[in-house]
Amino acid sequence: MVKKRQNVSIAAYIAILPMALTVLLAYLGTMLWTARVSVSSSRTFPASDFVGASQYVRLFNNERWLLSLQNVAVYGVLFIALCLIIGFLLAVFIDQKVMAEGALRTVFLYPYAMSFVATGLIWQWILNPELGIQEVLHKLGWAGAKFDWIVDQDMAIYTIVIATVWQASGLVMALMLSGLRGVDEEIWKAARIDGIPRWRVYGSIVLPMLGPSVSTAFVLLFVMVVKVFDAVVAMTQGGPGTASEVPAKFIMDYLFGRANIGLASAASIVLLLTVLAIVAPLYFVRNRRAAMGA
Amino acid sequence: MGQVVKLDKTEAAATAAPHPAAANDASIPAPRPRRKPSWTPARIGVYGFLIVAALFFLLPLYVMLVTSVKPMEEIRLGTLFALPRHFTLEPWAQAWSSACTGLECNGIKGGFWNSVAIVVPSTILSIAIGAVNGYALSFWRPRGAGFLFAILMMGAFIPVQVMIYPLVRVLASVNLFSSLPGIIIIHTIFGMPVMTLLFRNYYAALPLELFKAARIDGGGFWRIFLQLMLPMSTPVIVVAVIMQVTGIWNDFLLGLVFAGSEHLPMTVQLNNIINTTTGERLYNVNMAATILTSVVPLALYFISGRWFVRGIASGAVKG
Amino acid sequence: MSNVAIRNLQIKLGENKVIESLNLDVKAGEFVVLLGPSGCGKSTLLHSIAGLIDTSAGQIEIGGKDMTWADPKDRGIALVFQSYALYPTMNVEANMSFGLRINGTPKAEIARRVSRASDMLQLGPLLKRKPANLSGGQRQRVAIGRAIVREADVMLFDEPLSNLDAKLRTELRRELKQLHKQLGATMIYVTHDQVEAMTLAQRMAVMKGGVVQQFDTPDVIYNTPANLFVATFLGSPGMNLFKGELEQQGGRVLFKNEHLSVDVTGYPFQAPLTGKHACVLGVRPEDIDVGHGDGVGQAVRASVSLIEAMGAHRVVWLDFHGTQIAGIVQDQQLIETEKEISFSIRSYRISLFDGASEQRL
Amino acid sequence: QAPLKATVIHWWTSGGESAAVKQFAEAYNKAGGQWIDQAVAGADQSRATTINRIVGGNAPTAAQFNTSKQFRDFVEQGLLNNVDDVAIAGKWDQIMPPSILQAIKINGHFYAAPVDIHMPAWFFYSKAAYKKAGIANEPQTWEEFLTQLAKLKAAGVVPLAFGGQVWQEKITFDAIFAMVGGADLYLKVYRDRDQKAVMSPQFKQVLVEFKKLKGFVDAGSPGRNWNDATAMVVQGKAGVQIMGDWAKGEFAAAKQVAGKDFGCYPGFGPKAPYIVAGDAFVFPKTNDANAVKAQKLLANVVTSPAAQVAFAARKGAIPIRGDVDESQLDICAKLGLSIMKDKSRQLPNTEMLATPDTTGALQDVLTSYWNKNQSADDAQKAFARAIKGE
Amino acid sequence: MSNVAIRNLQIKLGENKVIESLNLDVKAGEFVVLLGPSGCGKSTLLHSIAGLIDTSAGQIEIGGKDMTWADPKDRGIALVFQSYALYPTMNVEANMSFGLRINGTPKAEIARRVSRASDMLQLGPLLKRKPANLSGGQRQRVAIGRAIVREADVMLFDEPLSNLDAKLRTELRRELKQLHKQLGATMIYVTHDQVEAMTLAQRMAVMKGGVVQQFDTPDVIYNTPANLFVATFLGSPGMNLFKGELEQQGGRVLFKNEHLSVDVTGYPFQAPLTGKHACVLGVRPEDIDVGHGDGVGQAVRASVSLIEAMGAHRVVWLDFHGTQIAGIVQDQQLIETEKEISFSIRSYRISLFDGASEQRL
């Protein structure tokens, strides 16, 4: 009977037309196409037959795939947590009206600008026990020093974390900085009157106010986690053995080198569903809270 | 843009108060009592942290730089951190203008203008669309937009490579494959999820009252966006520009597939130089080429800071 | 010129039902003041008239048309936000002219209106400043300026003068009144300042908890409040109250309690009285005669607990058997605290309320 | 008449490779064509580009593939033109090694023009390191090789320069397999996918021997690029590297000369098998008469003796045909070319025998085995499963 | 208990010299009200006392110590912001208690103070709400609450009651006075409400353009304003002014202009007069006797241009040869607009100012 909502301008609908087209043609279309391919026997080219869930069966019998999922879970938790923490800290420290702010910001951001093909190699060298830090420590006379994670089955994935955090935390810093700068100065003044130490202000007042920036950063990092590929290829090639294999590399291997897009598609779909299973509850909770609170 | 800069200045001057260190930046000739000694332990701590962090961040760059000015014989020695014994700029020259990338041996400079031609429109278009989407989602919420956005965000998690094949077909069907507009559209498509999210969340943090006031003033969708929201978006636009310029500038895969051979970006050349599988590798040239390629985004990072404006919405609402 | 009619309006914010069922009929060209305690829903009401809040039920009619779901810009309204909501990236001038530029008003006309508003609001030297560089009162004036340049049919003001000094406020009050005459616009005006309310309002609506308690001319509301709430809410200090009973004693009606007995025979009861009646007697401070029985009421004695000098007059607080009674003294007579003094009630100026329903008798 | 334009996608992007491909381009241009170069680094990337260009309707005239089963799907989809005319006129059947023919000739049609032959399992050794360890000659047997490695180790050099990446592990394994298991077992396993052969004790022995090498690599090997490993040999820090003949490029770049500063041998003893791999051009389908002409001209030019030897000399490979002027080639290549004359020593590499998918699965098995504490038995079983194509 | 002493304070904001050279001496435990037109630098002054704005020159002493460059938290102050500056992500309770929790106040004590403040401010039911879900007045009360729970030595209030209804305001005024007594804190209080100023202030500082014009008790300021600005700024409506000349006629002093002549012989001149003197005579509306000469001054006639009913009294605006004169009428006499009426000036209540310097004579 009553309209539930006030008129939304036609312009708003026109404005989101590009998004609608993109979503329908590019994203929804691709997702459906991928789902279709994943139930076919496609190799180099998409086939139109139907083989049921056999690609999925093969996928879940594949040790490397399972290992990839496991690796990416460990990697993801560490990577996201560290990037958020370091990015936030960098933003906070840079926000202290320091000298040479521009230079520092560039220093923290530059890794983001560089192709991982090259910087990954540098990391590989730096972390290599025969060339890099361990070797330097040995030469400095600390013979017992050991830092050989990159060649260690159990630790290799952490080297990927180090290098990718190095690469991405600058971006998180920029994101946080843009949020920080938006905080009204009056809030700062109120906190100073209240005698709240700066770090507490950041922790208890500013950080909660940065909610939207944090959630942007989180999603961004999450996407990076799911797509992590370059770093692994450049640094460890998934090794030693399969110790640092990740899903994106698995997908890429099957997509190109191994010419089996059926399996690659199945893996993509599984990956997507996994992400959905993780994100949907978060999204739901946030919406609920938004509806109840703000 | 000039207007924004001006705003930056007045902001800095007007809001100096909460930051103790800023006490001395207004230039007043008369001797002024110092607010505090500049080098408090807290201050030293701040610089200490920043310097340590900066050293960590710079370590790989140092290795890249020294590698890029060493001859290959020295690099083969495996003394990663040592300064070059025979300093040479030859690799840089080679990277820029004579390294081979297949038949052509013109270094990476060849694709520079192609890259520019791709980056500029792609960045502008993707940010424009992302900003409009975010704005619509935050303030207008047209029916169904939330659902579209959810799918868009899901799409962000599909590996780009998986999407290439179907997109090639789509673009080919509208005759945009292998063309400049084609690659621009592709970058816009791939940039859309994150750009939309970025702006949507940014706008969510702005006081809703401003939007309401503009509605009362009779502002329509575009007016409010262009005249009110965009000027308030400078910090997030900076972030968006950083992300898009970096992403698009560094992309070679999409450029390779969609741009067509006349528009190949310089990263395709860079990739050809550094990413050989079975050919011999000139690490010094690789490093020089990598650094050279990243100069444009780096310059952008350096100059973008002034648009990280402080307190962009201050004075807007009371309470 | 548009009327504003609100019928059975219901508004929810989050879980709160802020407005339950509100009716208000503002005639075209009328100047109506909304008055009510903090948090009673005044701003919410204005926002819903402006179309900024979705109504849960009910109807809003503006200029004879149902505008319940119309777009804000189609309602022909202007609104001064309580929180100002200035455009932070625009300077004062741009803030004021934004709406006009949008609806394509000719440049010269914009300049004329802005300069008139800035003269009126004394914003002249600040036109090129951004809101962040203004004082609180200056921001508020910009907010007013932004609304009045629009010269809309219906103008909504949400406590527009609260942060201005008394002098400026008096001036602006007069200017707004003039503006109202000149534009013939319908104005709905929220204020907590009773002088403002009294001087501006053609009619005044007193709200409480989302419900309009009384809607009438200021005089009527001040002198014959419809219920106890209105009686105590208006006036500064508010009405003095005495609990007691009404007794009919052979044609005469007496208000009586332990300490007081007032003859209220002449009181214009709205319904005939029957028998005894629990009741509250209200009398305004200015109708308490302090220092001398004036011959109308019966003089009783109380001790002075506090004297507030208000410049033009003094408020004397009397301790009358434990209840504080305020009286206003205009003359220069000597009154000292902690001394006893006599006072009397001008019984022809009292109000009587039902003890249970709190409605006016 | 306008020159026949030929757009060629390939992944030859390094200095040496560029010089090589230039020989083809010049030869083609001289023959009346116009070579349009489309280098895309990285084999996978390059092939993906080819696929996308074909799908997008912007197919190149020719595209590089490995001489392998990689382009089988293209043929099945009918996406390639054959070059039967050129092949028959050029008597490819007679002049080319059978393993290569097997890869390019599908259903009786020639679908690719092979351009070079790589031997992916050469043994390169540092003469300086050998001297230091007191080793005089190249090993004649597997056992001797192991002894030499031990000697190197004792002398304080890294015995085996090894890059711990899956494809390098696979190359090394295949070399050992061919050498230790013999050509028959190799073919039974890879070509015939004979489960019995895979489960045989001989095959298990191959696995065991392979793993023995682990004791001779340094701690820094995992993830190392092949050329970093080569650098170790160049420096004399390491003794031997098992790598494709392209590694000669690195030695050349370090101004080392084969036979003087480093040595090369393709296997142990005079009858050691010689694994054959290589590159080929395929020709995407087109109906444009000019384009077809260009494809034929290209196929003809790149297989011609002069172009072949000029290319191979710079690429570090050997020509696909024996009837060429050897003088341009280095001694390793000359050695290779002479071995190729003995057809019995030729052994196709895995890519020619199995689909990329299967090859990949085998790589996964081997890398697990090499890097983890896995028993040879388990590895054998996994290998068997992988080769069955599960 | 701390005194606050400000010496030669100079403050620049951006390019603006907002405060030029300000001196103010607030005694320990005193309640001082700051009054001044919008934009005169009151908030700036409070912020600089709180240490939120850097001073360009001058000195600020709190509790006997030079605090010019001390950190806000070391100054022992609390401040109610004009713009509230609530922590948006914390609920009302957390907003109030945050500072206490940080400085390690025991839990029980925090609970006690918060509950006392929330009772006083009637915030009880809102404790769990976020600021965004409060009305304007409710937010303002939270801002007050956050300051008073700190029980600081010096409490600074920047228009703390401006958005509250009259009733609540009266109550809170009284509560604040009580709090002041109880804590013995020094309070500096900015307000535009003259009733508030008059009732709360022990001393009152009237500011204009960053300079203190007069600093004295409310009574003194109201009755003997130091200059023309103070005279007109205070009072609602402000003082009526007549330009004219002072003439000495044999021992008597007369104020004269075209239309008026007032005998001011009894006026307590601060310095002896010499000869003729251009001068301004000021008289408060309540000292204008409308309708009947009261025998003190000379009655003159003017026409009534506007009558404002204020409930307790009426303000009558008279057109006296083109100047608007306000008079306050307390009784019920019949006055009609546009009619002529006589009025007189109570000459023993006037103020005289130098015509040029505008200072009190």
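Annotations for the structure displayed:
Letters are used for the chains, namely A, B, C, D and E, taken in the order the chains are written, and counting of residues starts over at 1 for each.
FYI, a residue touches a chain if its C-beta (ideal position, glycine included) is under 8 Å from a C-beta of that chain, and two chains touch if they have at least 3 such contacts.
Bear in mind that the values here come from a model prediction, so they are computed numbers and not experimental data.
With chains reduced to the mean position of their C-alpha atoms, the one farthest from chain C is D.
Here the largest set of C-beta contact pairs joins the chains A-B. One simple way to say how far apart two chains are is to compare their mean CA positions; for chain C and chain D this gives 93 Å.
Per-chain CA centroids place chain C at a distance of 22 Å from chain E. Centroids built from CA atoms put chain E at 58 Å from chain A.
Within chain E, the positions touching two or more other chains are listed as 13-14, 47, 52, 71, 82-83, 86, 133, 136. Annotation for chain B: residues 10, 14-15, 17-18, 78, 161, 165, 220, 271, 274-275, 311-314, 318-319 touch two or more other chains. Multi-chain contact residues of chain A (touching two or more other chains): 9, 121, 130-131, 184, 186, 189, 192, 209, 211, 252, 255-256, 293. Residue ranges of chain B in contact with chain C, taken from their complex: 7, 10-11, 14-15, 207, 209-210, 212-220, 223, 227-228, 231-232, 311-319. For chain B in complex with chain A, the touching residues are 15, 17-19, 21-22, 42, 46-47, 49-50, 53-54, 56-61, 63-64, 67, 78, 80-81, 129, 132-133, 135-137, 140-145, 148-163, 165-167, 170, 188-189, 192-194, 196-198, 201-202, 204-205, 220-222, 235-236, 238-239, 242-243, 246, 249-250, 267, 270-271, 274-275, 283, 286-287, 289-291, 293-294, 297-298, 301-303, 305-306, 308-314.
Residues 47, 50-52, 71-73, 77-79, 81-90, 98-99, 102-103, 130-134, 136, 139, 146, 150 of chain C are the ones that touch chain B when the two sit in their complex.
By the touch criterion stated above, chain D contacts chain A in their complex at residues 43-45, 47-48, 51, 70, 73-74, 77, 164-166, 218-225, 355-357, 359-361, 364, 367-368, 370-372, 390.
For chain B in complex with chain E, the touching residues are 10, 13-14, 16-18, 20, 23, 26, 28, 30, 32-36, 318-319.
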